[in-house]
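Below: a set of structures, written as structure tokens.
Each of the next two complexes has chain A plus one more chain, namely chain B in the first and chain C in the second.
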Partner chain A sequence: MEVSVGDVVMPGDTVKDITTITKKETIILGPGLRREADTVYAYKAGVLRKTEPAVYYVDSYQKRYVPNRGEHVVGIVTQKSSDIFKVDIGASEQASLSYLAFEGATKKNRPDIQVGDLVFAKLLVASKDMEPELVCVDSHGKEKKLGILSSDGMLFTCSLSLIRKILNRNSPLFNMLARSQAFEVAAGMNGRVWVKARTIQETIAIATAILAAEYAPLSGIKKLCSDIEKTLLLTQSGNVE
Partner chain B sequence: MKEVLLTNCEKNFVNKSVEQGTRLDGRSLLEARNVKIYFGSNWGSCMVLLGQTRVVAQVTCDIHQPKTSRPNEGMLHINVELNPMAAQHFDNARQSEVSILISRQLEKCYQDSKCIDLESLCIIADKKVWNLRVDINVINHDGNLIDCASIATLAALSHFHRPDVTSNGEDIIVHPFSEKDPLPLVLYHYPVCVSFITYESGSTVMDPTYLEERVGVAQLTLGINSYRELCSLHFNYLTKTMTVEDVISAVSSYATNYAVQLVQQIREAVNYDVEARYKKDDRNTNRFKECIMTKKLTTMNSECISIKLRKWSEIKNIESDVDMEKKEEKTENCTIIKPGIGSAELISNTNISFGEGGPNTWNVSDSSEEEISEVEITTIIKKGENKIIENIDLNGDSEEENIEILETKDLMQ
Partner chain C sequence: MDTSEETSQSEYILRPMNCELNQLSMPDGSAMLMQGNTAVIAGIYGPVEAKPQKMIYDKASIEVSYSPIKGPTKVDDRMTEMYIKETCEAAIIVTFHPASAICINVQELEDSGGMLGCTINAACLALINAGIPMKFTFAAVNCMIQEDNEDIILDPDSIQLQEAKAEFTFAFDSMDKNVICCYTTGCFTETEFLKAMDRCKQASQYVFDFYRNLVKKYANVI
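After this line comes the complex of A and B, so read on.
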């Protein structure tokens, strides 16, 4: 079946717009689309989207993470060996993280990381046939926001589409929440979210807000945030009594 | 695939929150998740949901030779299957320790407590008896598999009907359901499992989720029947460091009360479905298709949210109740809370999504206008009512009584 931008596509559908374009411009096929000879096929179920100038992709609901180069992920350190950490990022294979890939780390000055700790890292290598590799520094050797996450917070998992939704620049969720709450959050593209707020109640409230955002339309997020705020007040007042 | 490592962060957080008396999904410490039971098209097949944990049970029967030690008793086998569909770390190829533990606990609870009348399953002593087999498949694993499996076993066993058998001397005839009505099993008592997890801080939690199970230090499973009798008990330390005191005595009476309630719920559900089948009336029953309907993505169902504030669901419940009453009074939709000393806030509970029977939120401006007008109308009516009451008071009620007496007299004549 031929489909165009904005339609729900199923695997095997051919994309109409792309095949008819004759102009000499570069077309980028994102996740969920594949070219075979002159036709472009969708290989995932979801909604076909386009961003300007000519980037096409399928927006699908998915929970299994497939690593992509340059994405930020939240990983769990599962193994310490002589010069690398093994990190579980939810992909088919565990990623490796060199202990030199931290800010200010030298051969003598190793970062203090235990098995079971969380790291927020960037994917340096992600290819089909190779082990993914993580780094916790940018190209200037600075840490910025990457690095080890404190074990005071809370970790939970959600769908990959929700992560894309909340990390979207147009999403008002975090701005709205930040008006009334103080919190730290690290959302990895692998569907893991780490949250830390002042109290346990507040942390749970932020987590609830993030998870509930999956079922709220963009216009409903403002109401959602005020609901969360009021529920939190109600819970806290209940505890005091 | 290996199980995802438990992070220090999760461990700390769960320990801290349990110490404070809160749980991630908004329950109190001794509160179980909702149980939902759906029945399949066959006798003795059911699906049980305990929160997000999901189990399917199916009872089947065939004719076997009995054990030589018990020649006039039928047999009961319970088999638990854990496949990778439930959780990625379950291996399909071999029977894991977890599944053996669960099936053994269920055998203790149902077989060794003699809750089924096995003698009634005998056809010809020493030759032919019915062999019952309970197959339990875990569809989704979110903690507390044993409770969910035990509910499913009990529901399936009390729902199951076996075909009738007649014998003429040597031969036996198994009648198909079309010839003779099937017979239910005879259950002497109804046992069910109730599980607890104890933490390092010493506090105990009922009906743990997957995460809570992993963090805890000791687990306790009680098999209790509706006569408040203990049928099985399983206590196990998950780590070596800790000594747990007095868990069993602390929770046993609470567990008993809960078990009685739970058995009641299961029996009601089973009886309802069995009655419906006898009458061949499939309306208003809880079948598998109803279970699928409630899980559609388009219903924007926020039930699936695994992390909740304690009052989050309460607010939702209040709203749905109010919605049922068609918003008779606007003041009921509001609650006044005191976040601090000397301050109060009016909270309107008008949040329920479209799919759950709430108002359509797509044309927000229209609906809000309507609501405003509704408020105005109700206030007018209220004023009117007040006036009428006042009028009656002023005029006195003697006139009305006179009129009534006349009417009755007319009727008598």
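After this line comes the complex of A and C, so read on.
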């Protein structure tokens, strides 16, 4: 079946718009699309989307993470060996993280990381044939937001489409939540979110808000945030009495 | 989510189909499918790390486990597993995730005829839900030839199956409607076989339409 932008696609559908283009412009096929000879096929089920000028991709629901180069992920350190850490990022294979890939780390000054710690890292190498490799520094050797996540936060998992939704620049969720509460959040593209707020109640409230945003339309997020704000105020006043 | 209204038009040909996706929280994708009174639930984990002995260095290995409603898995169930595995292997682009494994678990909930077809369809829906790369989707249709008048009945239930001379299950791909899986029992002639295959091929379109409507419904929610 032939489909065009905005339609629901099924694996095996051909994309009409791309095949009819004869101009010599660069077309980028994003996730969910593949080319075979002159035809573009979808290989995932979802909604076909296009961003200008000519980037096509399939927006689909998924829970399992497939590593992509340059993405930020939240991982759990599972193994410590002489020069690398093994980190579980929820993909089919564990990622490796060099102990030198931290800000200010040298051979003598090793970062203090234990098995079970959480790290927020960037994927330096991610290809289907190779082990993924993480770093906690940017190209200037600075850590910025990356690095070890403190153990007094909370980690939870959600679907990959939700992560894309909340990290979208147009998503009002974090701005709305930040109006009433102070919190820190690290959302990895692998569907893991780490949150830390002032109190446990607030942390749980933020986590609930994020999870509830999955099925809320953009317009409903405002109401959702104010609902959570109200509930939080009620429980806090209850504690004081 | 209730999808029974959408299949009312196909009721004359196939038994009504009902499906819920993502019902299980642990697997990466799951589908609970009812075709008439036959019900199965399928869960997919994948791509996950493959066991060293089952690892294939240039493609994903596919493991299927089928659990009957009671008792241990028997020889017949192993055969069902093999049919599901071969069918899924034809559809999944295995080269996209080399050296990993895709585990498909199917649990029988109720059997009232056409079990194999139902498990294959449930596996396909679960694969769609898990976002596993596939060349095409596939749909299985069951049919039988009646003992006395040699009529072909599509998607028979267990009562109708008692009068069956032969029973067929065909799975077709969504692109060219080629047969990718075929299971037969009983005695039949070549013309009967080809006629049955043709009827199933026509009916498979209803299953594909059902898949698309289902994905459309879930796509609006997300």
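Here is the rule we use: the second predicted complex is superposed on the first by the 239 of 241 C-alpha atoms of A that agree within 3 Å, B and C clash if a C-alpha of one lies under 4 Å from a C-alpha of the other, contacts with A are read in each partner's own complex, and residues count from 1 in each chain.
Definition applied: a residue touches a chain if its C-beta (ideal position, glycine included) is under 8 Å from a C-beta of that chain, and two chains touch if they have at least 3 such contacts.
These numbers were taken from a predicted model, which means no experiment stands behind them.
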| task | Mind working out whether A:K63 is in touch with chain B, chain C, both or neither, as first, second, both or neither? | result | second
| Does the superposition put A:G12 against chain B (first), chain C (second), both, or neither? | second
| Contacts of A:Y215 with chain B and chain C, given as first, second, both or neither | both
| message | One more residue to check, A:S180. First (chain B), second (chain C), both or neither? | response | neither
| task | Scan A:D88 for contacts with chain B and chain C and give back first, second, both or neither. | result | first
| query | If you stack the two complexes on chain A, which partner ends up touching A:Y43: first (chain B), second (chain C), both, or neither? | reply | second
| Which partner reaches more residues of chain A, chain B or chain C? | B
| So, A:D129: does it touch chain B (first), chain C (second), both, or neither? | second
| task | Once the structures are superposed on A, label A:I76 by its partner contacts, choosing first (chain B), second (chain C), both or neither. | result | first
| note | Overlap of the chain B and chain C interfaces on chain A comprises residues 61, 215
| Considering the complex alone, what residue numbers of chain A touch chain C? | 8, 10-12, 34, 41, 43-47, 60-64, 66, 92-94, 128-129, 161, 214-215
| request: Quick one: which bits of chain C touch chain A in the complex? Just the residue numbers, please. | output: 22, 28-29, 45-49, 91, 93, 96-101, 128-131, 133-137, 173-175, 208, 211-212, 215-216, 218-219, 221-222
| message | Under the definition above, what is the set of chain B residues touching chain A in their complex? | response | 4-13, 16-17, 20, 22, 24, 26, 297, 300-302, 305-312, 315, 335, 337-339, 345, 347, 351, 353, 361, 364
| said: Using the touch definition from the top, list the residues of chain A that touch chain B in their complex. | reply: 61, 76, 78, 88, 90, 114-118, 149-156, 194, 200-201, 203-205, 207-208, 211-212, 215-217, 219-220, 223, 227-228, 230-238
